[in-house]
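The data blocks that follow each hold one structure.
Shared between the two complexes below is chain A, which pairs with chain B and chain C, respectively.
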Partner chain A sequence: MNGPADLARIGLRWDPCGQAGLTGPLLALANDCDRAFRCIASRWRSQEEAYAMTLPASSLAGHLRSFPHQVTFATALDSAEANLAEFADGPVVDKSGAVALTRTAPVTAVLTPAACYHVYHGHQGEQLPAAGYVTTRNTCFRRESDYDPLRRQWSFAMREIVCLGTAEETASFLVEARAAVDHFALLIDLPMDWTPATDPFFRPERHPGHLLQRIQPVKHEATYGGSLALGSANLHHDHFGTAFAITRDGVPASTACLAFGLERWLYALVDRHGPEPDGWPDLLAAAGQVAAR
Partner chain B sequence: MRSETEIREQLRTFVRRHAGDVAITDDTALFTLRVLRSVHLPELIILLERLRGAPIDVEQLRMGDFDGIDAMMARFGVPS
Partner chain C sequence: MNGPADLARIGLRWDPCGQAGLTGPLLALANDCDRAFRCIASRWRSQEEAYAMTLPASSLAGHLRSFPHQVTFATALDSAEANLAEFADGPVVDKSGAVALTRTAPVTAVLTPAACYHVYHGHQGEQLPAAGYVTTRNTCFRRESDYDPLRRQWSFAMREIVCLGTAEETASFLVEARAAVDHFALLIDLPMDWTPATDPFFRPERHPGHLLQRIQPVKHEATYGGSLALGSANLHHDHFGTAFAITRDGVPASTACLAFGLERWLYALVDRHGPEPDGWPDLLAAAGQVAAR
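And now, the complex of A and B:
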C-alpha cells in the first residue's frame, strides 16, 4: 500500500486537480520505466515518433462522440483587441478558481486522449509496403469523476507501441506483445493478469464500440492487484486504417497497440517493492532480456 | 416468440443484407471474420430482442455470443 507520505518523500508532487509532478527517485524510476518500454519496443525495430500534445478535433469526431465526458479541449481567447482587453481588465480568475473567460476562439484542438491517435493521423494516406511498428509517448488527458495519485489522473504519460499491417500481422504483434509484457513482469517480480476489458464509453448500452468489446477479444488489460490496469493490448481491426486511408496489401490497414500508463507502473512498482529505491528492480536489464528474446 | 426456423431465417437475411457477396453458413464467425462490424451490433441486438420477444441485457453479453448464427441461437434463441 502506497501512503501519500511515502510517495511524497520519494518525489510525488500531487495536485488534487488530478495531475502529478515527479521529482527525485520517483522521476528517475519513471525515466527508467520509459526507457525500458522503449527497449521492449526495439524488439519490433519500432520507429520512435514524437508528436504535439493536441490533435485536430476534426480527426477525432468518433472519439468525441464516444467519450465526451473524458475530453479536454484546448481553448484560447478570441484575439480581438477589445475581447482581450475585457478579459485582462476583468477578474481573470474568480473566487472559485475558474477563469473568467470572455469570448473564446473556435475550439479546433483536443488535448491528446491516447498517444497512438497521433500515429494514425501522422501516417494518413500511406500505403504500407510492410508491417510498420512505431513507438510514441505523449501526455494524455482524460477527465474523471475522482482522481487518485498515480492510479487515476486527469493527465498522465502514456507510452505506446503501435503495429500497422495486415490482420495477421497485427494479431501476431498482439500475441508477441502480451508475451513480452508477461516476461518483463516476471523478471521484475510484478504480478499481473491479462483480463478482457471495455473502454468507458458514453451511453455504452447501445454504443457499437462497447458492444464489440463485450463480444470480441479486442481489448485486454494487464492488471496489477486485481484492478489497476498498467497497460492494455488493443486490436482496432481496420477502424483507423479506414478512417485515415492507411493501406496494406491494397486494403485498409489493420492496427493494434500496446499501451503503458507510466504513472500506474510507478504505483505498482513502489507498492510491490517498497518506497526505497535500493529495493527497486533493474528495469533496463529486464527489458533488455525481453527485447533480445 | 417466433420459431427457431423463423429466427434463423431472419438472422440470415440480416447478415446477407450487410455481408455483400461473402458466403456464410450458420457457424461463420461473423465478427471475427469482419463479415459484420461493430456498427451492425445495435441493430442486430434490437432485431434479436424483437424476434425472441424479450430484452437483452448488454451488460450480460459474453465473448463469443455473436460468433455466428448458431451461437446467437444458443444464447438468445429462447428468453432466459
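And now, the complex of A and C:
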C-alpha cells in the first residue's frame, strides 16, 4: 500500500485536478523506468520519434465518437481585439475557479489520447520496405470521473513501442513484446498477468467496436495486483494502415503497439518494493538482459 | 538559412497548427541540447523537478488578464450522459475541421504558459533555509497569429533554471547565469547578444506591467541573428514569493529564472553550423566546461 504521505515523502506532488508532479527519488525512478522501456525497445532497433502534444480533430473523428467522455480539447479565445478586451476587462476567473470565457475560437486540436496515434499520422503515405519499429513518449489526457495518484490520472506519461508491417510481422512483434514484458517483470520481481481487455467505449453496449473486441480480443493488458493495467499490447490489424495510407508489401500495413503507463509502474514498483530507494530493483540492468535476448 | 526541406531531411515533422515533431538527427540534437542545459544547471546543484501539463486557472488570473491572446485552455465536454450522447450522435467534426462541440464543462485548467510557474506553485508555503535552485522542463503553449517551424510555435519545449532566495542571491544567480550562457555560446560558436526585453502584453500601452518593465528592465533576452530570442533571464523580485507565501530570511523570497526555448536553439544551431550532424558542435563537452567553472 502506498499512502499519500509515503508517496509525497519520496517526491510526489499531486495536483488534485488529476496530475502528478514528480521530484526526488520518484522522479529518478520514473527516469530510470523510461530508460528501461527505451532499452527494451532497442531489441527491435526501434527509432525514437517525439511528437507534438495535440492531434488534429479532423483525423480523430472515430475516436471522438467512441470516447467523448474522455477527450480533452485545446481551446483558445477568439482573437478579435474586442473579444479579448471583453475577457481581460471581465472577472477572468470566477469564484468557483472556472475561467470566465468570452467567445472561443473554433476547436481543431485534441490533446493526445494515445502516444502511438502520432506515429501513424507521422508516417502517412509511406510504403514500408520492411517492418518498421518506432518508440515514442507523450503526455496523454483521459478524463475520468475520479482520480487516484499514479493509478488513474487526467494526464499521464505513455511510452509506446509501435510495429508497422505485415500481419505476420505485427503478430510476431506482439508475441515477442509480451514475452519481453514478462521477462522484465520477472527480473524486477513485479508479478503481473496478461488479461484480454476492451477499450472504455462510451455506451459500450451499443458500440460495434466494443462487440468486436469482445468476440476477437485485440487488446491485452498486463495487470498488477489483479486490476491495475501497467501496460497493454494492442493489435490494430490494418485500421491505421488504411486510414493513413501506409502500405507494406503492396497492401495496407498492419500495426501493433506495446504501451506502458509510466506513473502506474511507479505505483506498482513502490507498492511491491517499498518506498525506500535502496529496495528498488535495478531497472536498467534488467532491461539490458531483456534487450539482449 | 534553414529551408523547410533541409529541416525535414534531418527529422523535422512540422504540424501546420504550429508544433514540431522531431525525429532522427534533429531529435538527437534536441536531446543533447537539453542534456547540456541540465549540465549547466548542475553548476548551481539544481534539483530537477517534473510537473503537470496544466496550471489551475485560479492561480493565473493576472497572467490571463495580461496575455489573453496567447493562452490555451484544456476543455472537456460536460459529462452528463445526454450531453455526451448528443455530441457522439452529431457530426463530431464539421467540414472546416472544427469540433462540433456540445455543452462544455467549466474550464479550470490552463495549458502551461511558462515552465517555471509550476515551481512557485510546487513550493508554496515553504520557508527556505538557503537559496534553492530548481531545473524543470515543460511543454509550453502560446498562441500567435503566425507560426514558423522551430522559431515561433504554438507549443514548444522550455527548459528553465530557477533560483529562489534573497534579493542578493537571485541577482547573483542572474549575473552568473548570463555569464554561463555567454561562455556556452562562445564554446559552441553561436553568436548571441543580450538585450532588454518586455513581455508581449495585451494592449501594452495600457498595461502597468509593460510600463514598469520599460522603466526598470527585469527581462533580458539572448538573441541570435539580431531577433530570435533563444532564452531569457528574468528577475521577478518578490512577486511569486509573495503570491505563493515562499519566504527566505523571514521575508517573501525573491525569484529569478533562466529560460531556454529548445526548438529555437535547434534552429540557431542548424542555421549556424549547417544541416549535417558532422558539423554540429559537441554540446555536452561545452556544457561540462561551463558547469565546472
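Methods note: the second predicted complex is superposed on the first by the 293 of 293 C-alpha atoms of A that agree within 3 Å, B and C clash if a C-alpha of one lies under 4 Å from a C-alpha of the other, contacts with A are read in each partner's own complex, and residues count from 1 in each chain.
The definition used in the following text is that a residue touches a chain if its C-beta (ideal position, glycine included) is under 8 Å from a C-beta of that chain, and two chains touch if they have at least 3 such contacts.
No experiment lies behind these values; they were computed from the predicted model shown.
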Revision key, fill the gap. Of chain B and chain C, the partner touching more residues of chain A is C
Exercise for review: Would you sort A:Y147 into first (chain B), second (chain C), both or neither based on which partner it touches?
Suggested key: neither
Check your understanding: Regarding the shared-chain residue A:W194, is it in contact with chain B (first), chain C (second), both, or neither?
Key -> neither
Point to revise | Partner chain in contact with A:D15 - chain B first, chain C second, else both or neither | key: second
Practice item. Applying the touch criterion given at the start, work out whether A:P217 contacts chain B, chain C, both or neither, answering first, second, both or neither. Key: first
Review point. Does the superposition put A:H237 against chain B (first), chain C (second), both, or neither?
Key: first
Review point. After superposition on the shared chain, which partner residues are touched by A:G209: those of chain B (first), chain C (second), both, or neither?
Key: first
Check your understanding: Which positions of chain A sit in both the chain B and the chain C interface?
Key -> none
Review point. For chain B, which residues are in contact with chain A within the complex?
Key: 31-32, 34, 37-42, 45, 58-59, 61-67
Practice item. Enumerate the contact residues on chain C facing chain A in the complex. Key: 13, 15, 17, 19-24, 27, 30, 47-54, 56-58, 60-61, 64-66, 68-69, 71-77, 79, 84-85, 87-88, 92-93, 96-99, 101, 106-111, 118, 122, 139, 141, 143, 145, 155, 202-203
Review point. Okay, in this complex, where on chain A does chain B touch?
Key: 167, 196, 204-212, 214-217, 237-238
